[in-house]
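Got some structures for you, see below.
In what comes next, chain A is part of two complexes: it sits with chain B in the first one and with chain C in the second one.
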Partner chain A sequence: MDRRLRLRGTEDEPLLRSLRHTGRTFYVFIAALLIIMGWFLYAWYIQLTQGLGVSDMRTPVGAAWGVYIANFVFFVGIAHGGIALAAAIRLLKLYKYLPVARIGEVLTVISIMMAGLSITIDMGRPDRIFNIVMYWPQRVGWSSLSWDVTVIIIYFTLSTAYLWLTMRKDLVLCSTKFPRLAWIYKPLLVGYRADEEVKIERMAWWLSIAIVFLIVMLSGGVVPWIFGLLPSRPGWFSALAGPYFLTAALGSAFAMVIVIAFILRRVYNWQTQIGPAVFKGLGTFLGIITLFYIYLILAEQLTMNYAAPIAELLISEKLFTGEFAPIFWPMLVLGFFAPAMMFVVQTVRSEWFSVNRTFLAAIIISVAFWIKRFLIVVPSLLRPLLPFPEGTYDPSWLEWSIVVGVFAIAILLYTLFLKIFPIVELSEE
Partner chain B sequence: MKQIGRREFIKYSGGLVGLGLLGEYTLFPWPRRGSIGEPSQPATEVTKGRVIDGPGTTVDSHNKFAMVIDVGACIGCRRCMWACKEENNTPDAISPLWIEAFEVKSDVSVTGHPSPADLKTGATTSYTQSPLPGRWYITAHCNHCANPPCVKVCPTGATHREADGLVLMDYTKCIGCRLCVVACPYSARRFNWWQGAVPSDKVNPLVPVRPVGVVEKCTFCVHRTRRGQLPRCVEVCPVRAKHFGNINDPESEVAKLLNSEMAFRLLEEINTEPNIWYITRGKKWTED
Partner chain C sequence: MIDLLLRLTDSSIPVDAVAAEGAAEFSGSGTIGFIVLAIIIGPVVLLTLAAMFGAPRNFRIPGLFVGSVILLIGGLVASLAVIGRLLQFIVPQ
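So, the complex of A and B:
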């Protein structure tokens, strides 16, 4: 086997800092997240008891979907990209990036949960959610939402299995070092044998192959097809939808991995464990993806401007000169183009490389990708095809509370994972 | 205990999955979906007497219900909108109503895709006086498409097409995902954003009152039409602009109208095959 099987020793100690040291800031942080989560629960309670009318979504004049669906698409995106990174590291033997592999895997598992949560929040009757499963056999032939549920379940299963399998050897070490948490590790180590690593390695390899194939079909297929197969919605119906969403998924996920890796590196002093080379490589890739995404935006908008039904042009105009222009142009220029150029420059001129700037650019790109999801979902809904009045959509405080709350839950889950499991694969330099 | 090897494990689980699928697709008498546009359920005892149809009605697959609207006759009085609201227990929270009336200028395209200029100068739903000279009035609601996009995307089959061509909602199945709402090119579907309150003395007992969080829309007054009555909007029209009937019957009014008049449908290019036809036999009202 490769160098991952090296004897574990003192070099792992720094990586266990996240489990060992829990300072006061941590509790303050958790308390803040819990408060936001409480606020989220309160907002959701209001929505559940009074109806979705508390949001600013309306139909047919107005947007039938809003920030909840934008949030759903965003989380599905980073979910698919996070595990893509982990799988690519294994398949292409990019061991340089191994320190961020599990960061991506955990990001995937948590994001899928948040995507599911966002969909549930958006439903008018969340109490009937299992109807999707009950009527799945009849509906899976046609309904893009049935496909989507299938995808999310497969994805959750695969990525959780992947995370669990690749973590087992670390858990053995952890259960000796942290007997306090052994009750959590023990069930996860069921059936552990000392010689299982070879087999696990092989299973993880096959899982990686499955995941890499599925990403193209799922993130670049099923999720965009919710939008791309609706001929009644100008701006959505497009053969470009698949590649468009896939690129956004990879871009936003890489940006998020950079952000999380940077924060962990800062907090736990992992300057050597997650070296600058990791950030430089991820940054270059993120820069290329972002430039490619800008190209896709231009390809899409240009086609819409020349499309035969005027409705396509009207949606494009909403972005270029209409009510969404004040967020579209900053998103395109400051959110995508400027950070992408920064990555290009620091790739070409390595002496200009800076980890801090990489982090900053990644944060900006993450925000831009969220805004882009909003601009995909909302404008197409505001212009009905019949001469209804023009609608508006201005998310209510309650919708924003819920969106922020979902992010807080994601961060909370991530932090808890950090405290129980090693976030960087052990015995690596 | 005997260890189960990987191959056996795969064999056994594959067999179990196969058995499961076999059971799923052969043993259970669940109604299967046909091709798109086919009714999701056959016209049998299954659909008989369900709440949605009103008690005692049956689906007659020889029927294909359609509506013909004479645009030249319509004076935009909106009596149909309000009669529909009363007939179908539509709560006040639902806005616009199931039926919407558009006022369009004579130089504006009526079949869809209005431009911003059209909206600014011509087409509107918020007119106060009608009829005005130089205007046409068009009412639109669910077209009961033969190729309905809403039925295609529904993840639970809550919205489905029945043998007599009606696209209906099962309010007990709907999960409120609103994929059908965004899929409908006619913006015909409404959503219960709030718990809708209809005063109990005004409730029509033949029509179910919808719970919060589900989608609803025009049913072509299924509780009336399956009993041989006309939809309420057709009945109240003071100028007889709306006609309704079984298009499969050559003797029906709608079939005769479509035979004698050139007709158009809304947004035909989306290939939904709508079942509301618009004709005009010239303006019936005088412009003064």
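So, the complex of A and C:
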């Protein structure tokens, strides 16, 4: 707790830089994001009015799911690891990482929203989206998609409530320092009393356990079961799907937390507040988890090569030597193995540690994890279950525009949060 | 289920009727989802109750927490309805 009090007691003003200073670069950055978002809306409008035929997703010949579902799995993944870090800090008293706790919490909330948006975009008739609620009682008995919606809504609710509760004390300080934003802070401070911190800390501790449990059950449960419970789909029907997805979720989220923490550190001169030790610890964990993920890829591919149904072998061949090999091997070697080894080396030899290299490796791993989601979704769908010819999938400009647009919206929301709320816990002053 | 599949291969039986029967049989028989959700939601509910009613006793913060949860879930459901309604103006009906 000492570290926590020290952080709170002495480093208040620098941590408000994100709210206080708004330069010209910020407005240019926001304008660029808005332009991308406008392009995204244009692309989605075309898809809404002309149907999913404008994408390259096809059925039964081709892939019925593509980059939108890869995006969904990616965002669900980073949503889990972000708050997992915050929960671990609270449960294991890892106060060294406290400066990045809220970075992870906000990442979680925004990523879940983007996951929901990605699914909506993938729907053929998104105007019927309310049917998810209307027909929930009939579907929930057997549909893994219904379980997914249920658990994601619970997870989103708990994560947002957790973020709100743990942020209330800082909002009191913000409302005095930034009266122009008081209209936002005051509703969030409803019923506030100065002595509530003790109860909130205890509640947050219990909720951390609930959230960690939900992460395992969501990223290691209902999301992989969307794929893993389809018995006749080669490459997906696997008991390994749960641990596989969970590991990827934690890896990609920790990579994203490193990336965001590095950018904030650089932009707001938080070299003291988010010290090198934070990056070193996160990097070590990311290295271990990425190596473990490589082991899971190996275990999966080996089993597929010995599986009785030949379709499993054919999917594996698509990755090893087929049309996806030019993506698969660079992803495995350059995207996962090389950065993971870099983390291992800088853990063993402290003098080789570099914050910049940690950031670079985290970006590479993030991209590799997105590619891996694509390689989970698409190759399995290209092989038809009935005697149709084998299809291809080459995402259209429209699909790429939408994917980039979703990322732009996520960055925009994160940036707006930064300008309104403190992203690192403040002092008690 | 095997019987249904065999009947689907029989060209003398109208496929629509068999498919409808199959769908009804399948959707009516599912209970595993309730077990899965009970396994997931049960511990979460218990832990949340522990968070609310555990020491130190204070009913104001748990009240606010429950209020925020209800607001968020209600807001999500309402936003799904609004989004669906708005999209009806864009998607050709």
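One rule holds in what follows: the second predicted complex is superposed on the first by the 417 of 429 C-alpha atoms of A that agree within 3 Å, B and C clash if a C-alpha of one lies under 4 Å from a C-alpha of the other, contacts with A are read in each partner's own complex, and residues count from 1 in each chain.
The rule is short, and it goes like this: a contact is a pair of C-beta atoms (placed from the backbone, for glycine too) under 8 Å apart; a residue touches a chain by one contact, two chains touch by 3 or more.
Just so it is clear, the model here is predicted, and its values are computed rather than measured.
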*A:Arg128 contacts which: chain B (first), chain C (second), both, neither?*
both
*asked:* Is A:Thr22 touching anything from chain B or chain C once the two structures are fitted on A? First, second, both or neither.
replied: neither
*Could you look at A:Ile200 and tell me whether it touches chain B, chain C, both or neither (first, second, both, neither)?*
second
*Which of the two partners, first being chain B and second being chain C, lies in contact with A:Ile310: first, second, both, or neither?*
first
*Could you say whether A:Thr392 touches chain B, chain C, both of them, or neither, answering first, second, both or neither?*
neither
*Of the partners chain B and chain C, which touch A:Leu381 in the superposed model: first, second, both, neither?*
first
*Can A:Leu145 be said to touch chain B (first), chain C (second), both, or neither?*
first
*asked:* Quick check on the superposed pair: does A:Asn269 touch chain B, chain C, both, or neither? Answer first, second, both or neither.
replied: neither
_Partner chain(s) touched by A:Pro137 [first = chain B, second = chain C, both, neither]_ = first
*asked:* Residues of chain A that sit at the chain B interface in one complex and at the chain C interface in the other, please.
replied: 125-126, 128-129, 132, 138-139, 141-144, 146
*List of chain B residues in touch with chain A within their complex*: 24-25, 30-33, 36, 40, 93, 96, 100, 102, 104, 108, 112-116, 118-119, 122-126, 140, 149, 152-158, 173-179, 181-195, 211-215, 266-267, 269-271
*Which chain A residues qualify as touching chain B in the complex?*
50-53, 55, 57-61, 64-65, 119, 122-126, 128-129, 131-132, 134-139, 141-146, 149, 226, 230-233, 309-311, 314, 381, 384-390
_chain C-facing residues of chain A, complex_ = 45, 48-49, 120, 125-130, 132-133, 138-144, 146-147, 150-151, 153-154, 156-158, 160-161, 164-165, 190-191, 193, 196, 198-200, 202-207, 209-210, 213-214, 217, 221-222
*Given the complex with chain A, which residues does chain C contribute to the contact?*
26-27, 29-34, 36-37, 39-41, 43-44, 47-48, 50-52, 54-56, 58, 60-65, 68-69, 72-73, 76-77, 80-81, 83-85, 87-88, 90-93
